[in-house]
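Two complexes are shown next, each including chain A; its partner changes from chain B in the first to chain C in the second.
And then the complex of A and B:
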């Protein structure tokens, strides 16, 4: 039975999500599916990102495009937009799709854990380990960069901001139980690794 | 007693589907003594005209208002019809409730109906003031001019000449033929191009009714239908047309100067191709070193080093413009690496390679190695269907010629694999689909859906040819593709030739937004330009194939013959009129006229009507209204302003003065393309933006218009040369007046659009309307 796949559109609808079209993105309708975007995509050379297919799905209003891991693979280099013969703001549309996905809580696990780090430390990628400190020092820089790392009280501000926007709930952020941050980081790291594997297997498909 | 007939057309559902005709009819029924209103499904149909005849007779109607499509479409037809049934054609007014109402306000039927009522009210006031005008009969010069000697120009010239009328065929190149002789075969029949064209070119040369002028350019045109004066420049050829016998190998053989160009190898003295007509070389003085070798070699003494340009004046009754196209230059599309890699060529260059008379004598080879290619890729839609390049049009032929070239390559290099990267295959034209099918089934051409997005050109070691890697998506499977090819052909689209702007300005005819010349109606007048007496054929009107060019040329020829066959034409002279009693001799008009139509003699202004073009700029300067253009007099325009503003139903209300030549047809085009814009605009047609009197604008604002906009042609496109420049001056004065009156100067606008810019017109209305709303 594994050869029998059910892959079809049950109800065709050209209803583009009003939310996509809102911010001057009506030009999505100009797309004629030539594939210039896919062909010029540097990310697509390595990953399964098929930019044209993302636009196609968005045009058909298929809700599942928001679940498509492909929308997270774009590196926002804007090559597709530059070359698009129809002036479709491809990159802006992908960013919009990401925002919509996030608002619906459909953010990928690796990105979720990244946001958790941001809330905890003020950095998506913290750079206050010894390794980084030593490296900075070797360049005659202050070992701790002048960011939230240097002004830990600012982390509180970040957290207040995140909370007032409801972003913490959106990304299912749970504050660490005790203040010892080392213990907290470990399980997160594991989760991240697990999801990376998961994504790889998806790409292989 | 005067009685006005108001005829409202449903135009099927085109008008009646949006406007509430019943409401309009009821509104105008109130005054049956002076105004009789009736409606018809199609006024322009036989039944419609019959109904008009009956009602005009029964109701004793003396003046008519037609509420229907644009005056530009059926205006002349209706006018002629009324003339036949005894109402002067000058006592008919037109209300544009289709192109400038129902088609552009589809979603607002109630507001659109109200707008239609106000449009009709204004024209009823206007029609009361009209007067019959004198007609002038002008003699017709029974000869024609054809500009451009490509396949379209040749066929146009032959059709006119064969009917017995004399034709001047002017070609700027050294030979006639245009692009077609450069091709090897033609699709879909695979006919040899020069075999079918050669005999026709000869026929042109031998035809007693055709004066062939090659290496000649048109430099000035004046006059009007039936009477054009044309100045042409015969460029110095440096070879005597009479003495030369066309052996050309003698002079060319001794010439040492080779012109740059891989696919068009030519010397400083050369013919363009061996079948050139006339078969007389020219010397390219940009490259000639003046060594004198050719002069010595020529045994006919045909070389004239001190040859000079010669100017000649000719008179013709009609003009056919067939100046062709220019191949799109893909250098600007950096991702395609054209000009960086010798093995990436354009289709026209491939055409030269295929041609037995071309640089490789028909041998297909990879330019850098000279070896036959193993894998050839065609990239379609290069320079067409592209918004970024402002070339949104389909080239119409690049699918078909690519298939043709692919088949020819496959025939000559059977082991070669040929891939055509396409987005949509448009196998247009008769037998096109069969041709496409044959390419796949019999010739094994592979069609790959997905536009090539990138070409990587990697230079190898010294002697190695650079490799070409194409990147694309197989959009059918949604899989990325990257592969190496040894020869890549860019299927380039068509651009208008470089001098099209010059020609359009010289002839006073309209261009479309991409720079091609525009027909006066896209559908029903495909070969007629925006000006009477000037016709279009071939690719200057837009990309098309050979048979379509011929069709259009012959259609234009019939139109031209219908003019030449008459000895005299009756034309409506739109010229300035003078009421001497009103003139106070301020003389402001004298400076503004660029055509010496006004002078002063014995303390009186004297009109020289023959010189007047009817732009009305002098009337705009006349503070006593002593000067006026029939149909556009101050009283006639002001009455419309009064009517629009007395019946004002919307705010903000925009009053628009649209020039007859660019802005009004541009607004009509918005309608034809159904581009929607707000209903709060009321249009008054004027003969030129330069005739809009500042006092009209101020009057409109004082009477309650929220905004006033004057739209004319682009300055360089002006039908009267300097009309828009004058409009700019008037606009400055109007701004100064408004400042004095303490009126917001942002409430008036001066804009320009071309007849091809319907979208721009709609955008302007939107933008102006929104800016006025913000002010409120």
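And then the complex of A and C:
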């Protein structure tokens, strides 16, 4: 039978599905693999994301589903969930899989920097240039909105929550070094750079 | 006092005004238009002091659901302290806040978990208010009759491609639209009542592509969604796009510049379809001044929204309404009376 190649699955387990069921998403077990989700998926129309396969791999406990970048291609539009004949919460399951992937350190680099922005400023899209204040003012608004941007204590509150939940560690957040200590460190950093450069050139030669 | 006046008629409706990130920090003219339009409709808005990112459902919920719940609950707690239902102008913020609110109201274990963290910042989730999208406030709380009565001039059959955005209607179980997700009509009705035509186009209810962290990490894929939507809108003859979500707005506005560049070999011609937030057009139909609706540029800043020039189509609409765009630009922004 060497003409027929089969993908053998050596080990199946409930470890992924149990994590999913724990989060009130037990309907994953109702999936009968009809593929309505895949057929409805706007991302799957243009990428390799196959939501049906994601659900199946999760049910089989295949770790590869967490390592596969496909789970990050879902735009969370919820069309799959709305159309699923079994009300399987496909989108929320993908979100949960992303949580598990993040715990394995599989968060994508641009996403990681977004989390650092949130922790630093309290906004996912902060005012990071004076032009945005000027733009607000040109539309007759207070240049600083009444959000975390106006209340430094509110940013502290967000940071307290983040620490309390261990989110800072999860996303490897390091607080920015304040300017005073930076000045002290400067010469040291320069030296470090120089040695690095030195090493590089040695390797090149 | 007149006997027939009910309590509701005397007390103006009041809401906690949740800004989110994209509107105050990138599309402030939407904030200006919405504040002024709601004020004109007799709604009182209470600012939510110190509110943060919702946090965004596609990104932050994807990394850690408990953190997402707790930061979301903090925002709702601010609205609870205001003692007024929360209204948001953004589908993403709506997606997060209504989901967090629903989960914490229905699941005592989760509520206790979140409150054990909130106590460290002297806050508490009580579950005492409702989370609403601006569309719900307009269509249901104020109601279509009130909107119709407030319209003083029609916008001349402007052909609008209405883009609902996903989280306005989905997941439908915790949305107020009666479970309709394949062909809802409320946004079309809101657009038609101001004298515009809601142009039917293929894949109207498809995602803009920005959500789920796709725009932030895999931009080309997200823009391929956008390219398709824009092609369908252009094919149907839309003169402009109307949205009620700033992230869809960003994707469909800045996205056109990006699509024109990265897909230049795949598209028949560059896109230049102006994008408006609904309240900007509603205010115009209500007889409000364009300078109060963020419709006229009063700055020379570079690299700021709107990225697709709105001036050609606005000049045409303004002419019919008796304004001149260039003249309006010379006037200073009117201060609120």
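Keep this in mind: the second predicted complex is superposed on the first by the 154 of 205 C-alpha atoms of A that agree within 3 Å, B and C clash if a C-alpha of one lies under 4 Å from a C-alpha of the other, contacts with A are read in each partner's own complex, and residues count from 1 in each chain.
Everything below uses one rule, namely that a contact is a pair of C-beta atoms (placed from the backbone, for glycine too) under 8 Å apart; a residue touches a chain by one contact, two chains touch by 3 or more.
Since this is a predicted model, take the numbers as computed values, not measurements.
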For the overlay on chain A, clash or fit between chain B and chain C? fit
Between chain B (first) and chain C (second), which, if any, makes contact with A:52: first, second, both or neither? first
By the touch definition at the top of the document, which applies to A:154: first (chain B), second (chain C), both, or neither? second
Look at A:139 in the shared chain and tell me whether it touches chain B only, chain C only, both, or neither; answer first, second, both or neither. second
Quick one: is A:170 in contact with chain B, with chain C, with both, or with neither? Answer first, second, both or neither. second
Per the overlay, which chain contacts more chain A residues, chain B or chain C? C
Would you check which partner chain A:85 touches, where first means chain B only, second means chain C only, and both and neither mean what they say? first
First (chain B), second (chain C), both or neither touched by A:131: second
Rounded to whole Å, what minimum CA distance do you find between chain B and chain C in the overlaid structures? 6
Which residues would you name on chain A as touching chain B in one complex and chain C in the other? none
Touching chain A in the complex: which residues of chain C? 19, 21-22, 24-26, 28-29, 31-32, 47-53, 55-67, 70-71, 74, 95, 107, 117-118, 120-121, 123, 166-167, 170-172, 181-182, 205-207, 209-214, 216-218, 221-222, 224-225, 292, 294, 297-299, 301-304, 333-336
Please name which positions on chain A make contact with chain C in the complex. 23-24, 42-43, 46-47, 72-79, 81-82, 89, 91, 95-96, 98-99, 102, 107-111, 114-115, 118, 122-127, 131-132, 134-136, 138-141, 145-151, 153-155, 157-158, 160-162, 164-165, 167, 170-171
For the complex, which residues does chain B have touching chain A? 335, 381, 385-389, 423-424, 449-454, 471-475, 478, 480-482
Can you list the residues on chain A that touch chain B in the complex? 30, 32-40, 44-45, 50, 52-53, 83-87
